[in-house]
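Input: structures, listed below.
Next, two complexes with chain A in common: one pairs it with chain B, the other with chain C.
After this line comes the complex of A and B, so read on.
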């Protein structure tokens, strides 16, 4: 669509910038997201980093995961919903002193405590989902267990290249080890949605759309009401990291 | 698989001007067990030749996603995403009947789908 050189460039400029998220818009989307979370008691909170303007969304929740049994669970288990394929008493009677060896390959469905953080990545210009996962006994899940806990809908894609999907990294703000869902291709699934919205002169809340896509992969449910009840942020005319267009400003 | 009675049933409607007639419309006493779904491709994702489908209410998003993936013969490194309201990806465990109640209009549920490598 060519309206004029200035408008044409501006249109392109907006289209390019709309696929990415600047930090200011990230914060605005998060705050709007939070308001709805509060109304639902959905458990999200904003964590401000001390002495910094940076912050992130945080939520802890209980979910299920595939975990390997270990020496913590001798006899009774505190995971009430645990299912096992064979009795633990086999291992109670085991006189093998090596406590670390206990049905290594066997996995069962257990209650897992998840802690999710939504951070902004300056390098990717997208949000990034970090998370921790531990059993109720406080044992952190290992990477393989996290991979095995991925929702079946995404399992095939994950198994194709697990190291490209979920790995462990140091949390950029806390410095602790977290699992992270790789953000390099976020633009791939966000761009068509954002582009359609732009063409139809409507906006979306980036965080709501993004989280609805990535959350379910790692056990994070985003209720449907977020889709309709969270407003989009106010249009930010010149917050794009792209260099300004030829003297024109959108909005 | 697409013509299997157990999976999605293709509706016969190809004329856009004809009002939607779900197959069970004559049975007014019974609650309709199926809903009409219109599938729209997003971005560079291939367009399905058949776009209108009659889907059981209890069918999950995951089930529908698997169906579309097979229909499109997707690769192992690709992931299919389904959107309601052109902006929100419902949980894979969500039932399409619920989505229809929330987002259906003119007797049908419009779902956009997009394939992507998604992560990496």
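After this line comes the complex of A and C, so read on.
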């Protein structure tokens, strides 16, 4: 059972089925995940930051996405355009003095290269999915195009709370722009799954479970064999519940 | 917190005199004069530069204008870093006013986040607040606040209203000693020499076992 360590310290009640992940368990889950990926030739690799213990899982795929034609000819500085960022309906901005607005253009389905990274977030103690997408000519997709590429089944859920879902962020290790599925709701869906697994004495690999929920939303497929073939990392007895020393990372 | 009020005010009202110059290769109908502005340290470039945009748009044709972005001595400025931080990282050793170059073309896609509207800045700001509270209070304070409280926090920043902002922010800065205070203190360290460097990443088949 994956349990976040280091927090029973202030006498607050802590459920057995914690939905949080410490970094060591994250690495162990990734290692097991990676082994299965190699056996399937599923394309995942581990990228290590030189001189540090930090790293992330990475995979690139080719998929289809909804892209705009004539992207370069538009002025994206229009203020009218922006409120549409999280809405899927497009409005006519004929009276916009700044010129053409991107939402009027026709969309088409084209081949898109996706790059996915799975990182660990110390702040949220969960994994986080970063990704970027570009056309085969190397043009990066904008947020609207990424939104359009999200399967209709998932769009409504994401629309509810715009600033909790897909946003553009700086990659914590590379410093480049990526899209991110915000991690602050991870607890909500992981908690019941982990609790049920505990009660039913089932093994759960946190990364597999988590990725099977968030991956498909952004076009990342997780073959079913991951769920049956990838074990939980061996449970190490948690260290005695002392408060972490000042200056060390949580967990 | 009462004793800190003066310090809080000084931090909030910190300003950086800045000179905005249009990039020489931008296409203009006539020469563009530089534009001077006092930038608030605790805000974001894209939030406070509407006047800059309006100023330069006067001498440009609409079709030559795309998303505005800034550079300092050739380095694109990340709008999602607070202005004071950008100045301290890039220009603290240079003479005032801070000279920033304005661009309307060739947006550096890999390096900069897009900022099509203020909602994006708001989302980014609130995301940072949430992350900080995850560390301080396990997100309890931010989650207990209502949507209108979140909005007030943002509006306080957007409209440069110290009292409005701190009316909400003080809840997030509460440090109840009887409950052990902050769980963790959130802070970010920015290393100057890492700024333009890309960390060296290599493929590894093995994930190192933990310390």
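Heads up, the rule we're going with is that the second predicted complex is superposed on the first by the 183 of 251 C-alpha atoms of A that agree within 3 Å, B and C clash if a C-alpha of one lies under 4 Å from a C-alpha of the other, contacts with A are read in each partner's own complex, and residues count from 1 in each chain.
The rule we apply is simple: a residue touches a chain if its C-beta (ideal position, glycine included) is under 8 Å from a C-beta of that chain, and two chains touch if they have at least 3 such contacts.
All figures in this text were calculated on a predicted structure; none of them were measured in a lab.
Looking at the shared chain after the overlay, A:197 reaches chain B, while chain C stays out of its contact range.
In the superposition on chain A, the chain among chain B and chain C reaching more residues of chain A is C. Of the two partner chains placed by superposition, chain B and chain C are both touched by A:184. In the superposition on chain A, A:34 makes contact with chain C only, while chain B stays out of contact range.
In the superposed pair of complexes, A:224 makes contact with chain B only, with no contact to chain C.
Legend: residue contacts after superposition of the two complexes on their common chain; A:167 is shown touching chain C, with no touch to chain B. Look at A:48: by the touch rule set out above, it reaches chain C but stays clear of chain B.
Touched by chain B in one complex and by chain C in the other are residues 182, 184 of chain A. Looking at the complex, you find that chain A touches chain C at residues 10, 23-24, 27-28, 30-31, 34, 45-53, 55, 73-77, 79, 81-83, 85-86, 97-99, 123-124, 139-140, 142-143, 162-163, 167-170, 173-177, 182, 184, 250. Touching chain B in their complex are the following residues of chain A: 151-154, 156-157, 160-161, 164-166, 181-185, 188-189, 191-193, 195-197, 204, 208-209, 212-213, 216, 221-222, 224, 226-228. Chain C contributes residues 53, 62-63, 65-68, 78, 80, 104, 109-114, 116-120, 122-124, 126-127, 130-132, 134-135, 139, 179-180, 184, 186, 198-211 to its touches with chain A in the complex.
Residues 42-43, 45, 61-62, 65-66, 76-79, 81, 83-94, 98-99, 102, 112, 114, 116-120 of chain B are the ones that touch chain A when the two sit in their complex.
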